[in-house]
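The structure is given below, and queries will be raised subsequently.
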């Protein structure tokens, strides 16, 4: 199957963070691709990537970058596909990347998730795809239900393990 | 037509900012609704809203809030629809709202735009809808083209007006 | 005895921090319970918890959360019991959690303590209970007296150990 | 009736902000007093105030201060009554006051509300009093219900006024 | 004469700030041009500008932008000419623009000046040109000398006007 | 009388803030001088000033500057007289000036006061002088006593004016 | 000899940082004392300390504290001796302590040094004492000269060690 | 060959960071020198260095410093050579150094690069030199081309290694 989500990151050093996005999409059987292209070091490659993405069948782009993180915004400026930005924590606790991604000028939005929020970026991509893909929609409903169960189970275990804290 | 985008804000005082989102959707003939519901003051109403949105035909939710801005995250926790968060500048230059919206825990993303970024939230909603709606897609391409023309025109005017700065 | 203080945290990963609160309440023989429920991943459980707390005999709620820490505020919106918020340091040095907890909108206060301030949250809960419970009040007076003695004793030890710094 | 809540502020310049607390307590018929005493300029007066408050019948103290806001913490160090701290925005957008109030060392909590959060401080005080005063408890339930109604009504008005934004 | 310095800004709204740069270059008789091109709204125009600048005889580029200020970095990625970045104060006191400009990844520097530092950007451009242009070098020496004189003169006037503060 | 305190500021634009320091010293009859010299624009003048200050009878230097506020540190590096630094709010709410003054490297301290804290700088200078000048010491005791009285009086007035807030 | 400098810290956990101050004073043969007293946990001890310091012969007080660092300001409010504040890095990189110490209200200055700046606090104390003690003054001149020599020597060593970077 | 770039740092502890600048210049065969001189501890040495640099043939100065980083600005105040400032991360994540370097007053620019951005400082210096040195210009073009190739190659390797993430 052709990829419909494209994960792009500014540097291969962002890979350990972005693997969580890849894993989620893989788990949900959503076809995706993953590339490292720098807005600053390979601008023509980025342009080629961004302008050609829709034609290649890509529906959502997840772009991750750290520091003066321009990659998500640069890609967003060259496509009408929704672009999800992931600020990578590389300096200043990730605050520089967050501001450089989220504070886009009027006209060119980037859908920003939290610092190092790779998993949430992938979930958001799936939610967008679910708008017109019933199979993915059902997976998202199941995913959310599962999330709930995990917490409830964790709470039950907490109760057991920490019983000694209960005052009788 | 039934609304497919729902704009919700934490307080009617957010209205002057959020009108830019309404105006954009109106211009693009994308049917929408607009409500003020507080995550903290009307929690049941918010729950009713969030859990019922999809059934009513809503496809994308734009949620705006200031200060400890919980509304977008609370709604995102109750639906699998994509939720776009708009941090409203009400205190601390909007930094509190930005962090309270974007730094969501793993599992529940909010697609955050810039502080007071109402227009970008609406564009982002349209980009998501365009994934499965060719008419909206064409509008977005035209919108982006138009944006470019405005800047180019502004630059031309700049050249004329500021000619006196040109050294011969 | 039924619990009168309820400690609730957004994730079991907050447990190492929150144990200090449990320990203090245990030491003071104030009956309490401890649960992990996520505002975002288990919203109905949180609602059930918050709306039922008072009926179950809970008098004060201590709610801890990190990042976009909505749990304390969400609970506060569903009860008239005093809610004490503990910002957990999970990202950005805890500044995101602090702002997401303390900057509540008019009408729904959260009594916020310092970042990772679990012990202080428990003391604050005890101070509230002491308003109408003479036994707890006496414990708090003793606790405060004891705190003083520890510092005075630490200072005396400091004087002895560091005597070599004294210039004669 | 003797006051049971004491509002204290570091400077009379904090009065315009703190009036919201006074107004709320007055509306709820909760007897209170209001004073201006500086932790730095009148330390003995502050000590006299803090150590004598409980004996005079005070149950909750609301302390407001700006900049290096020591007043709430200093008072908290001299009493076992719960102390609610209100950071006043006087410089640095109130961030200095917020940190100087909320980041208390282990042992001496201050229940901190948002920057300029005078109303929330008063509500929090009422919630504490409501733990042992059924009349106040009922008022708080009514207050919360009323808050909800106002938002719902505001939303209804919003719908009417902004009808022109609805796309048919 | 052909321009050797090119001032480019992300939006015509940056013009009031950037005029100080234009004025300085005009005063020093350094030929320059001034354009408004958005990294996000006119990416192809920016690319055309950046890749063609050197051929057209441009030696230094001054690029100004606010918010998620990508323009300076995007241009720097497409040329080996030195690029001077001016963070424009449009939101968050200009901190977002500063970080989005200065925190460039290894390999693509932007010579960043202070927030709204248009004059300093122009002086820095002149200093770079002075490395191989003796006439500009002499102008810079004279400019610096003049700067000194103004301060010394201002100090003398200060002494006169404020004589009443001198205690005899 | 020869000046024993020297107020120096980076720019005459700092004068409105620094007048509070001049006024205090004048009130206390402490002889002083006031100059504007820029660390960056008149470095030789600053050096001449700093290295000659002690010989001219100066005992304490108050140095004020905004933005990248180097003046206090530069002077401190050239004298063994105590240097008091006043961060001037000119950008970023004065945070840049505060950090650029207070975060001095080991070996060269600057006694930093709050942002725009001109009055406190003058009081601090007087406290230092009071160590060896009994007349100034007595003035400082009186000043502090007076400060207290003003607050107590303000509080009394507060009580009268705001009587309507007292619930009977 | 009786101590003339008093080092006081909010907690014995501040000792590792404050030892640099003790060491400097010891090296310079300036008699000092060192105590741990908490503004919040031992307020009466702090008051006793602050109001009695001058009578006991103390001339300068160095007060260190972390988090909501009230100790320096509280002491400054109870004496006319100069108080030097040392912000201790315990949370938020020390920014909370810095703001809680430096942003004192008009009338009560604290001479603040950098975060963890214990050595600089001691040097500053010595500079104040040097105003009326020729022996200390000479030591400070020698100290400063020595500081210079160390840097010059370090630079010479740098030149030797790093010779391989020199391009011939 | 005589050095044409001069690297100067405030402390030898900055050396591990600044080696990246030295390495780049060495690789490009651009003659340089490297010194450690403190703006605060060796002000006369710094003055001697800054005022004599141009005569000795230096064309660009790279100045690195941490904390209240005055070195770049102090040097810039004493020469018309372009000065590149490198904020060293020593405290507060390097934010203090960044602000103390970049926020220079009008008239005295410092070309600031990112926190610990030693490599970028050296590249920027080379770009300035390339304006009048064709050999260096060619090296910079080659360097940039090489940078691109590395990223493209890294991306290709990424594709191979991470093939398992590709959904078929």
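Miscellaneous remarks
The chains carry the letters A, B, C, D, E, F, G and H, assigned in the order they are written, with residues numbered from 1 in each.
Simple rule for what comes next: a contact is a pair of C-beta atoms (placed from the backbone, for glycine too) under 8 Å apart; a residue touches a chain by one contact, two chains touch by 3 or more.
Model, not experiment: these values are computed from the prediction.
The contact pattern of F-G recurs in A-B, the pair among B-C, A-B or C-G where over half of the contact pairs coincide by residue number. Comparing chain pairs G-H and F-H by the number of C-beta pairs in contact, the larger count belongs to F-H. Centre-to-centre separation of chain D and chain G, using mean CA positions: 36 Å. Each chain gets a centre from the mean of its Cα atoms; for chain B and chain G, those two points are 51 Å apart.
As a whole-number value, the distance joining the C-alpha centres of chain A and chain H reads 34 Å. The residues of chain D that reach two or more other chains are 11, 38, 41, 67-68, 91-93, 95, 102-104, 107-108, 114-115, 147, listed in rising order.
By the touch criterion given at the top, residues 20, 59-60, 80-82, 84, 98, 102-104, 106-115, 117, 119-121, 123-124, 127-132, 137, 140-141, 144, 147 of chain D touch chain C in their complex.
Considering their complex, residues 93-95, 114-116, 147-148, 150-152, 154-155, 157-159, 162, 165-168 of chain H touch chain A. Those residues of chain F that touch chain E in the complex are listed here as 1, 3, 11-12, 15, 19, 22-23, 25-26, 29-38, 41-42, 45, 67-68, 91-93. Interface residues of chain D, counted against chain G in their complex, comprise 10-11, 38-41, 43, 47, 66-70, 73-74, 76-78, 91-92, 95-96, 99-105, 107-108.
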